[in-house]
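Next come two complexes built around chain A: one with chain B, the other with chain C.
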Partner chain A sequence: MYFLAGSETGIIMLYKDKRPLIIFLAPALLVMGIFLYYPFLQNFADSFYEINGFGSETRTYIGIENYKQLLQDKIILQAIKNTSLMILFTIVFEIGVALVLALMVDGIRTGAKFFRTVFFFPIVISATAIGLMFNLFYAYNGGLFNQILEKLGLNPVLWLSDEKAIYMIALPIVWQYVGFYFVIILTGLNSVPEDIYEYAYIDGVQGLKRIWYITLPLVWDVLKACLILGITGSLKIFDMAWVIAPYGAPKGITHFFGTYLYQTTFFSQTVGYGSAIAVLVVILGLLMSFAVMKLIRSKAFFYSEDM
Partner chain B sequence: MKRILAIILASAISVSILISCVSPVGPAESASPVVAPEPVEIRFIGQFGGTDPTTPIFDEILKKFTDTYPYITVVNESNTADESWKARVTTDFSSGNDPDVVQYFNGPDARILIENKKVVAIEEIKKIYPDYAGNISEEAMSYMKEYDGNHYGVPVRGFYEGLFCNKDLFEKYGLDLPTDWEKLEAAISGFSAEGVVPIAASFSDVPHYLIEHLILAEGGIEDHSVNPKDHYPESWAKGISYFRKFKEMGAFPVDVNATKNDIAANLFYNKQAAMIVDGSWSIGSIKYPETTVILPFPPTPEGKKDPSDIIVGFTVGFYISAKAWNNPAKRDAAVMLVETLTSNESIAAYAEVGGIPAADIGPIASHNNVMKLGLEMSKAAKGLAMPIDSRLSKEAWTYFVSQTGSLADGQITPEALLNEVVKKNK
Partner chain C sequence: MDSTAAAFEKQISKTKVKNVLSRVLIYSVLILWAFSSIYMLFWVVNNSFREKTEILNDSFSFVTYPTDENYRTAFGRLSREENMSILRAYLNSVIISGSTVICVTVLGGLAAYAMARYSFKLKNVLYLILAGSLLFPAYSLIVPIFRMIQGIGLVNNPIGVIIPQTAVNLAFSIIILMGFIKNLPTEIEEAAYMEGCGVFSVFFRIILPVTKPAFATVGIFTFLWSYNDLFLQMSILRKRVSYPVSALLNEISSQFGTDFGLMCSATTIVVLPILIIYLFLQKNIMKGLTAGAIKG
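On to the complex of A and B.
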C-alpha cells in the first residue's frame, strides 16, 4: 500500500484529543443542520397536514391522507416509470459512454487536454439554457431538427409526441452529464499507477484484457460512486425536464418526481401533498443507494508498493 | 405657577442665547435650518421587469423618482410574473423577508397576504394620506375589492382578452374574419387546408385563455362567472368539448400538446398562424400591429354569450406591506413611491404599451391600431367577465389546465374533467 508520509504516532496523537475534530466538524454540522436536516424534518411534519397555499400559515392535520393519495396517484406511477427509464439511460449512456470516452482519452498522449475540455464543456452550461436551446431544436414549425429534415427533403417530425417525448427529454440530460462522469472516471484512471500497466505489459496483458482485468477492477469504487450519483441524480431530475416539457408535457406523461413535486407545490399549491412526494423521493433515494451498495459489492483491488 | 413658567422660559431663552453665542456660526448655517432627510431604502418587487414590455417605461419612472428623492434608494427586484414569481413573493412574506412595496395580484392570490395581515388596506392609508389612490377610477377600484370588503392594491392598468387575427392572412386566403361561429369554423378549415396554423396555442403551457373563451362562448357571462363548488354548469362541458372538435379540424399547431406558449405565440407574430386567443398584455409583442385586429370571441351556435361580451379585469395592484407601514422611517417613502408609480402621468406611460388605464387620462396618442381596437372593444362590450382562475382554487385550475391536451385528444371527457375540477375546487 501507498502510505501517507508522516509518523503514525503523530496521527494517533492527533486523534487522541477529540476536541479539534469536534471544533472543525461543528460548523459543517451546523450548516447541514440548518439547511438540510431541519428543512427535511419540517417537510416530513408538513406531509401530515393539508396546507393550501405556499407560505400559508393555516394548516389542517390530516394524518396519512397525503400518503394514501400518493398510492392512488397515476402521475406518481408515471414518474416512477420515467425515473426508472432515466436510471437505465444514466447507467448505459451517461456512465457507460463516459467510461468508454475516459478509457479512450486516458490511452492517448496528444490531445487529451482538448478532449477533456470538449467532453466536460456541456456540464458548465446551465441546464435551463440547454433546455431552452433544445426547445428550439424540437419545435415542429421552424425548429432546427425539422429544418435539417426539410433541407434533406424529408417530412418534419413531431419530436415531442406522446411516444417520443420522454426520449427527447432524456437526450439533452444524458448529453450534459456524460462529461461529468467522464471527468470523475478519468480522474480515477489517472490515479492508477503506470507501473502496474508496465507489469501487465511484460506479462502480455494488453488491449481489452488489460481494461477488463486491470483497469476496471482498479476503478471499480469510482464506478460505484458514479452509479450512486447517477441513480440518486435521476430521482432529482427537474430543471431541464421542466424547461423542455412543463407540466410533464405532453399531457403529463413526462413527469419526473421533481417536476410533479414542483407542479404540486408551486402551481396547485397543495404544499402538504408536495411534502409527501418529497419524503417519497428521499426514501427512494436512500433505498436505491443502499441497494446499489449491497448489490455491487466492493470488487476494488488495492495496489501496494510491496507487490 | 406663572412665576415657575416665567423662570423656565427665561432659562430656556438664556441657554439658547448662550449656545448661539458659543457655537461657531458659518455663513452657510445662517440660513434657515433645513434638516436633510435620513436615507431610506425601499425594497420593491414588481411585475414590470424581465421580458415585460412595460419594463423600460417603468425603469424610467423609477429613475425619475429616485432623482427627485435622492435620499430614497429603491431596490427593484421586479421580474416577469409567473407562478414561480408568485411563489417567491409569498415565500418572502411568509419567511419574514417582506418587501416594502409589492406589485401583486388581487383576489385569491392576495388573500393569503391579507389573512396574515401582511399588507395594508387603502382605507387605512387614506386616514393619514387622504389623497392616496385618489386618481384611480371607481370602476378600476371595484375590481380590487377583496373578500373582507377592503381595497389593498392600487391598480394602474387593466386588461382585456380577445381573438387576435392576422387580417392580411384572412385577405390572402379569401376568408372572412371570425365575427361569428360559422366564420370561425370556416377560417379554421380554410387555413388548415392551406397549411397555415389556424389558432396558435400551447396546451402544455398556457391554454388558459382558450379554456375561458370556450366556456364564455357557450355559457355567456352568467355561467362563466360561476365558481363550481358543488357542481359545474352544463355549458362548461359543452364549451370545452370544442377543444376536441377544433383539434380534429386541425385548428392548432401539430405540437400543441408540447410546445411552449412563447413559441406558439411567435407563430402568430410571424404570420405562420392566423389567430391567437390572448390578452392586451401581449400587444407589445405584436410585430405588425397595422395588419392585426382584435375581436370578441364569437358565441357558439347555441351559446348564451352576447357577441360583444369579453373577459376583462384589473387583477394587479401596488401594495404597501405592513412591515413598511409600521416602520416610521419607511412609511412616507413607501407611500410616496406608490403615489408616483400610480400617478396619472405614470398610468399614461404604462398605457402606451396597451391595456385599460386605471385613471381618466384621456386619449393616448401613441396607441397603435390593435391598442385602439382593443380599447374600443372593451368600451363596446355589454358584458364583462373576470377570468375563471380568479375564482377557482389553484389546485382545481392547475388540474384543469394540465388536462387540456388529454381533453383535446379525447382521452378524458369534459364531464370527467369537470367533476374532478369541482372536487379539487375546495
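On to the complex of A and C.
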C-alpha cells in the first residue's frame, strides 16, 4: 500500500495536461470493465435466478432459493471438507516444507542456485501435465508407484480408491506448490539484513534458537502472505482435481468448489446454482483472508507457546 | 578496520551452518527433494522412448533401444482419427497465449504509466478496485463471460479466449508495472519535456526502454498462466480442432489413459518447451513471482 499516495514524483509539468490520461487508461479499463467487473456483478445477480442451459436459457427469479439449496447440498459439504483438508495440507506440507527447505538453502553457499532452480520448476508446468504424470504414477498395472512396491516385494495398491483418492489429488498439488512458497520465503529470508545476524551472533544466539527468535519473526509478513495465497489457492483448485478425478470421481467424494461448479454449470446446466457456488467461494475467500490478517496481526499470538 | 570486518563477516557466514553433521543433514534433505523432482520427469521422458509392453515390465532402467513409435503416434494418429493433433494444439496455444501477452503488456503498460505518473481524482479508489479483482476466482466469472462470448459468436474462436484472458491478467500486470515505473527518477522525463517532447514520445522513448525487464517479467508470467490455463480455455473452446495444448492433453488422458508410451510422449511434448523457456528465463520469472506475491 505504500505506493498508494503518489505525491512526490507525479506532479511535474509534463503531466499537468490531463487529456492523454484517457488514451492511456481507457483501453485497459474498458476491457476489464466489460470482461472482469461486469461478469462479476452479473454472476452475483444470476445467483438469485433459476437459469437452465445456455443460449436459449430460461430465467426465473427465485430469490435466495439457490443459497438455501447450497446449505442442504451434500456435495457442497464434501467440497468444504475437501477444501479444508487442502488448506491444512497447504499450511503443514506446502508452506511448512517450503520454510524448512528455504531455511536450509539460505544456510548454505554451494549449490543454492541449483536447488532454487530445481525446486521451483514444477510451478511452471501446467497442472494438467502434472496431473497426467501422476496418473501414470498411480496406475494399478505398471504405474511407477506400484512398480516400486513390486521391487520392494510388496503387493500393488489401488491408489485411487475411495479412501485414498483425495490424498492422491493433494500429493501433486503439494509437490507443485512447495517450490512456489519456497521461492517466496527464500526471497524474504534474503532481504533480512546481515547485521541483525551479526548482533545475534555477538549475543550468542545461534542455530535453531536464532531461527526461532530472529529469522521467523522477521519473515512473518511473508509467511502471512503465503497463508493468504494458500487459502485463496485452495478455494480455486480445479485443474489438478479434474485431471486426476473428473466429476469428483469416485462418486463425487473428491469434489472441490471449482470442479463442482464446472459440473453444475456445463453438464447439469443449472447456471443459477453454479453462480451461487461462485459467490460462496468469493465470500469464503474474503472472509478467510481477513481472518488471517486480523488473527495474525497481533504479535502476542505469534510469540505464544501454541504456535 | 576493513580486514577485521571482513574476517568477522567470514566467521558469521561460516557459522551460518556450523558443524559438519548438520551440513551433511541439510545437503541430504535438499538433494533428496531435488532428486525426487528430477527423477519423476526423467521417468516420464525415459519411458516415452520405450514400447508400451516394456514399460509395464521394467520402467526403471535407462532405455537401451529407444523407439520413436510413441512420438509418431502422438504427432500422427491423433490427427487423422480423432480430429485433433498436437501440432495444431501448439499452434492454437501460441496464437492464444501470444496474443494475450501482447494485449496485456500493451494495455497494462499504458494504464500503469498513467497510474504511476498522473495524479487524478479517484486514483486511490481505482487502485483498490484493481487490487481487489485479484481475489476473483476465474470461475466466478465464467458463466457471464461465456454468455457474452456466445452472444458475440466467438465460442470455439481463439479471440473468445484472448479477450477474457487479457481482462483477467490486466490487474496483476498493471500493479507490477506501476510499481516499476514509480521507482524511476523523473529527471529525464522533465529534461525531455524541456526539450519539447510530448507525453507519448516520453512514454515510448524513455519509459519503455528502461522498463523492458519489467515488461519481460509480466509477459512471461502472462504467457505461463495463459498456456497452462485449463478452465477458461476448456469452457470456451469446445471443439477439438480449437483445443490448445492443455485442453488437448486433458482429452488425450481421458481417451488414451492406458497407453503408457503415448501418455509419456504426450506429457514430454507439452512440458519440454516450458522447461526450456524456464531454464532460460528463470531470473525474470522469479522476480515477477515474488514482486506479485508480496505486493498483491
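FYI, the second predicted complex is superposed on the first by the 256 of 307 C-alpha atoms of A that agree within 3 Å, B and C clash if a C-alpha of one lies under 4 Å from a C-alpha of the other, contacts with A are read in each partner's own complex, and residues count from 1 in each chain.
As a convention for this text, a residue touches a chain if its C-beta (ideal position, glycine included) is under 8 Å from a C-beta of that chain, and two chains touch if they have at least 3 such contacts.
Just so we're clear, the structure is a prediction, and the values are computed from it rather than from any experiment.
Which of chain B and chain C touches more residues of chain A is settled by the count: it is C. Within the superposed three-chain model, A:Ile91 lies out of touch with both chain B and chain C [touch as defined at top].
Applying the stated contact rule after C-alpha superposition, one finds that A:Leu216 touches neither chain B nor chain C.
In the superposition on chain A, A:Ser268 makes contact with chain B only, not with chain C.
By the touch criterion defined above, A:Leu149 reaches neither chain B nor chain C.
Contacts of A:Lys18 after superposition on the shared chain: chain C is touched, whereas chain B is not.
Shared-chain residue A:Phe238: touches chain C; no touch with chain B. In the superposition on chain A, no contact is made by A:Val192 with either chain B or chain C. Of the two partner chains, neither chain B nor chain C is touched by A:Ile296.
Judged by the touch definition given at the top, the superposed model places A:Ile62 against neither chain B nor chain C.
In the superposition on chain A, the residues of chain A touched by chain B in one structure and by chain C in the other are 54-55, 135-136, 139, 141-142, 246, 266. Across the interface of their complex, chain C is touched by residues 3-7, 9-15, 17-18, 20-21, 23-25, 27-29, 31-32, 34-40, 42-43, 46, 54-55, 100-101, 104-105, 107-109, 111, 114-122, 124-129, 131-133, 135-137, 139, 141-142, 144, 147, 151, 175, 180, 183-184, 187, 194, 197-198, 201, 206-207, 222, 225-226, 229, 232, 235-236, 238-239, 242-243, 246, 257-258, 261-262, 265-266, 271, 274-275, 278-279, 281-282, 285-286, 289 of chain A. Considering their complex, residues 83-84, 87, 90-91, 93-95, 112, 115-116, 197, 203-205, 253-255, 257-260, 263, 267, 272, 393-395, 398-399, 401-403, 405-406, 409, 411, 426 of chain B touch chain A. Chain A meets chain B in the complex at residues 52-58, 135-136, 138-142, 156, 158-162, 165, 245-252, 263, 266-270. The residues of chain C lying in touch with chain A in their complex are 8-9, 11-13, 15-18, 23, 26-27, 29-30, 33-34, 37-38, 40, 43-44, 55-57, 59-60, 103, 107-108, 110-111, 113-120, 123-124, 127, 129, 133, 135-148, 150, 163-164, 166-168, 170-171, 174, 178-179, 182, 186, 189-190, 192-193, 199-200, 202, 224, 227-228, 230-231, 235, 245-246, 249-250, 252-254, 257-258, 260, 263-264, 266-267, 270-271, 274-275, 277-279, 282, 285-286, 289-290, 293-294.
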